[in-house]
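Got a structure for you, written out below as structure tokens; questions coming shortly.
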Amino acid sequence: MLVVMQSHATEEQVRAVCQRIEALGLKAHPIPGAARTAIGITGNDGAVDLGVLESMPGVVECIPVSKPYKLVSRDAKEEDSVIRIPTAAGDVLVGGAHLALVAGPCAVETEAQCREVARLLKPTGVRLFRGGAYKPRTSPYSFQGLGEPGLRILAGIREEFGFGIITEAIDNESLDLVEKYADVIQIGARNMQNFSLLKRAGRAKKPVLLKRGMSATLDEFLMAAEYILSEGNYQVMLCERGVRTFSDFSRNTLDLAVVPAVKKRSHLPILVDPSHGTGKRHKVLPLSRAAVAVGADGLLVEVHHQPEKALSDGIQSIVPQEFGELVGEVRQIAGVLHRIVN
Amino acid sequence: MLVVMQSHATEEQVRAVCQRIEALGLKAHPIPGAARTAIGITGNDGAVDLGVLESMPGVVECIPVSKPYKLVSRDAKEEDSVIRIPTAAGDVLVGGAHLALVAGPCAVETEAQCREVARLLKPTGVRLFRGGAYKPRTSPYSFQGLGEPGLRILAGIREEFGFGIITEAIDNESLDLVEKYADVIQIGARNMQNFSLLKRAGRAKKPVLLKRGMSATLDEFLMAAEYILSEGNYQVMLCERGVRTFSDFSRNTLDLAVVPAVKKRSHLPILVDPSHGTGKRHKVLPLSRAAVAVGADGLLVEVHHQPEKALSDGIQSIVPQEFGELVGEVRQIAGVLHRIVN
Amino acid sequence: MLVVMQSHATEEQVRAVCQRIEALGLKAHPIPGAARTAIGITGNDGAVDLGVLESMPGVVECIPVSKPYKLVSRDAKEEDSVIRIPTAAGDVLVGGAHLALVAGPCAVETEAQCREVARLLKPTGVRLFRGGAYKPRTSPYSFQGLGEPGLRILAGIREEFGFGIITEAIDNESLDLVEKYADVIQIGARNMQNFSLLKRAGRAKKPVLLKRGMSATLDEFLMAAEYILSEGNYQVMLCERGVRTFSDFSRNTLDLAVVPAVKKRSHLPILVDPSHGTGKRHKVLPLSRAAVAVGADGLLVEVHHQPEKALSDGIQSIVPQEFGELVGEVRQIAGVLHRIVN
Amino acid sequence: MLVVMQSHATEEQVRAVCQRIEALGLKAHPIPGAARTAIGITGNDGAVDLGVLESMPGVVECIPVSKPYKLVSRDAKEEDSVIRIPTAAGDVLVGGAHLALVAGPCAVETEAQCREVARLLKPTGVRLFRGGAYKPRTSPYSFQGLGEPGLRILAGIREEFGFGIITEAIDNESLDLVEKYADVIQIGARNMQNFSLLKRAGRAKKPVLLKRGMSATLDEFLMAAEYILSEGNYQVMLCERGVRTFSDFSRNTLDLAVVPAVKKRSHLPILVDPSHGTGKRHKVLPLSRAAVAVGADGLLVEVHHQPEKALSDGIQSIVPQEFGELVGEVRQIAGVLHRIVN
């Protein structure tokens, strides 16, 4: 923390701030400049909230210096974390040199629908299947997902096609079930700061895919992951899915720069969801290419065999054939970056 | 829903869209313009997601027309809802002509702290006391609240001082306890779209204070309230607490225009939280005045007797004496609007 | 500037950064913390762009500490600036205890229109008249303003009714004319960082009203004013007119917290434009009250006698009678703050 | 325009709105739904501002349907526009299958600096050189550019190295000179809605590179281009350079989804500036790859041989060797999209 004093702050005011800092058991380092004095603080492990110094006389502002995350930080672990998702056909790796594709419908609607999508996806080489049994919907009157029967359908898909299964949990009850039926537990954007759910996910024995909240800063995103790691689950994958801005032509603004930003600060892998990230079918392919080009560790793509009949998000779903083209193009781009596509 | 066709869309394309609409059991109303044709759709009760029409040939875009909320709408109930919070000294009313003030510390830290704040607040005339026993914190290493012992402290404050108690629930488990100990159940900004929690709150027998999410649109905010009403709990108060923007000088941007916007669309009361809304102590008083002047139905203000020692959010807490001045000024402004301050 | 080193930065890396700083003629102040070292820099007058230190090995980030503004700062002048606008009926004062109301149509359309609006405004007691002769419009096909003939109409209004005249300049050519015909030169939001225009305004002999850009940070806003002062014109009034956010229910998000934030940092007065700030007629009155309650030094309100026939922005214009009510309410609220309404 | 009536609007109110519409010389098309009536309007060429209907009794809101742009629209010209920039070594093409790279320092500082950067860039195969002689700077105390002498240095670079020259104009005076000395006239983000400058650029005989404003919607961006085309200059290239959001880890948020969005609506080419778009040197390469992968028609990259000594924006400049690697990677990705790199 750095405390910036007013240019006309008195020596007495500077001294008072230093004394307050020392009284908190910390060390004050005054730096007298030509225009004003700034005071560095060391010794704080995060327990003391120093922002209050801002209301002392002569203080302009308090600037946080240290980053709050620990376990997710590259300071804690320098090499990339590689997450291992077991499937019938061997482990799928995510992170490091390994890039993973995930595809499937927004929602599990019926067994027939999931099997049809799975059947059409199989030849594309994708190995992870997604589909929601619990759907967080803006309206209470929209389709809310099948719940446990939906999870059973997904387990059947794994059985029949050998896919690893990723599906969302929305509260502690559904997380218990998702942990039982699926291979990866997804925490959605709306729950990124549902700390109760994050703690429960931190006690799960399966990998977690954590989506960035709609207006989460990078620090908040990494701190949400820190919640999971701090409870003992180190198997965390991040996922950028677009943030909310003033932009008027797409559902969200896909913030691809977060990928190199995460990689600079954290060892965790980060995937990109171009379907929610754009909200429009015709943008999924170009943004998928861009996500792989920027260095993402994977893609999460909504695919439906009949998007116009989908119970949710049909507008952003592509058909299996388009997904096949997508796989072809992103494989080539992954090659330019010397990445291995799972 | 209105479907806008390209200016060079063929008659056949227009016809195909109309047929698709009719096939869904809805009615298509083509409106041929000089430049292009638009097609109105009627008969949709919200069950069908029409966005997918956007991918049909010749279509430019689909524009939603109807608002999705029902029970929270002024269409459903024209007069203002007035929420009644029972206290030892009689009911506190919120909404209509009645404006309610809520004050107290960010977090329940100790019994002594709460009693001291309560003692100092009592003479200001405020009748509702706030304080968090469950604290959603960005960092897992920050103080997370006292939990049930904190709720018991709040119940003691009610007993001793006669305040009504407002406190936050963060998951289904804590909501059970909050419903038991408190008078109003608060749902925080980070949980505004925790739909599982909203449904549980909808089955509670106590009033709910629902805070706007950090990047919630007005429709999303009202739909979150709709979740609670749709489960049978009509005792809902909304609360603006600042939204996230590019702005660099305050923690959030307090969006006061949402107050008249809510009042135009909904019968529910809306309060304002100038403490979180600005994140800075010196802005709490001016923004409190502004909130009452814009027509808010109440204020939620963080007050601490020793802000510099607060375990959370000391930087935005004012001292009881400042709150006394605040009450004086907002009473005068409320008078200009012919509002009754509880 | 504060340079934050990585927790595992070597002593050599810290030394290299310090040497680079000293080589630039500045002074380095290393602050060794438990987790990492930070290096304070003093002696920089703003000429050296230190951000590049961020690319040196071992550096995490560079945090600017000093504020870049000088002349607009309270450090330069502690008491509030009061701007004096001469009119036939004596000076109108803006700033300090003085609060000024400005009203008039969005655009000067015809002499008859301006005279009718002026005639209806006169009894409300407002003393400053606004109206655009040069209109920055999103579309080249929209009404662009009458130009110099419009300025002559405004000069006629001053002659006939005794109002002071505020009108916008959009380039150096129009600024020459506005300076000649009007009493206050307005720089619009879209030109807030048209630095060529700001410099020209800085050489003008009349007061300038500078509107905040749609996504201007507070520092950028104050630096834009600094451009004007740095050329010798100290007669500057700021104006908040709403910023662009994700918000879906109003044209802009009126950021009233900027008022106390400006007042903390600068001696310049700041007005609020609730018409552009909300873009909706029914929000103008409540947000006007809120602006005065938060401490604004004035209001800029669009008033048209026939909003439904206005050539621009009719949707946000109120009628003169509504403006009369507005004056009544804001006078009462100004009284609570002990302000004098001009 | 579509006018949405309240669900309890009376027939009389619907009739009144229709009559008002017809009185304006337009045609009203009422669409009675189960819940409410909507009224389509046809016959409006944009001259009438219909938003005011929103204040009529019984009206909920007015929804614009037609897009305001004409000449920039794919409705006006279906095939991609290809801009031709003449250089000593033949024309550089931008748009359609052709992708152009532009590189050079942020600011023209000295002749020696420009010649050194140019000399190092030449072997990378890049054919367009950028550098600012007029610099829009947030602070009046920062380096403002060399002005005409800077333009003469750029003309010398063209002479010596055969590059095409792109440089920014900031007002009508500088545009006259830029048109004389350079090959492409750049309009910067801060001037995207400097309509006076746009009109002047529309009368220029050279191609224009128009950067997106910091918070410009897609419609505003295209309408700014429409200003230039409407004055007769059809040689316009757009450029995405990042938008302003809440994001805390980069200077701007690069909005790559705007590329397919522009291509859907307009025939104009669109480039991407990853230097301003991220503001950090280590993000330039990954975002350059992503920009080409998403389908951009070119890149604008800041390159400096000694970024740590740059007079502006050193923090986001890469060195010529890094640019060489960038060219290698983006050429491969362009190949995946069957694009020709100039």
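So that you can tell them apart, the chains are marked A, B, C and D in the order they are listed, and the count of residues begins at 1 in each.
Here is the rule we go by: contacts are C-beta pairs under 8 Å (C-beta built on N, C-alpha and C of every residue); 3 or more make two chains touch, one makes a residue touch a chain.
Not measured: the values here are computed from a predicted model.
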{"item": "Farthest chain relative to chain C (centres taken as mean CA coordinates)", "value": "A"}
{"item": "Matching chain pair for A-C (criterion: over half of the contact pairs shared, by residue number), options A-B, B-C or B-D", "value": "B-D"}
{"item": "Between chain D and chain A, distance of the C-alpha-averaged centres to the nearest whole Å", "value": "30"}
{"item": "Rounded Å distance, chain B centre to chain D centre (Cα mean)", "value": "38"}
{"item": "Whole-Å gap separating chain C and chain D, where each centre is the average of the chain's CA atoms", "value": "26"}
{"item": "Overlap residues in chain A, where contacts from two or more other chains coincide", "value": "215, 219, 244-246, 282"}
{"item": "Chain C to chain A touching residues, read off their complex", "value": "2, 4, 6-8, 29, 31-36, 38, 40, 42-43, 45, 60, 63, 65-67, 75, 215, 244-246"}
{"item": "Interface residues, chain A side, partner chain B - complex", "value": "20, 46-47, 49, 51-55, 62, 68, 70, 136-142, 144, 170-174, 190-191, 193-197, 199, 214-215, 219-220, 223, 226-227, 230-231, 244, 280-282, 307-308, 310-315"}
{"item": "Footprint of chain B on chain C - complex, ascending", "value": "215, 217-219, 243, 245-250, 253-261, 264, 277-278, 282-283, 286-287, 289-295, 329, 332-333, 336-337"}
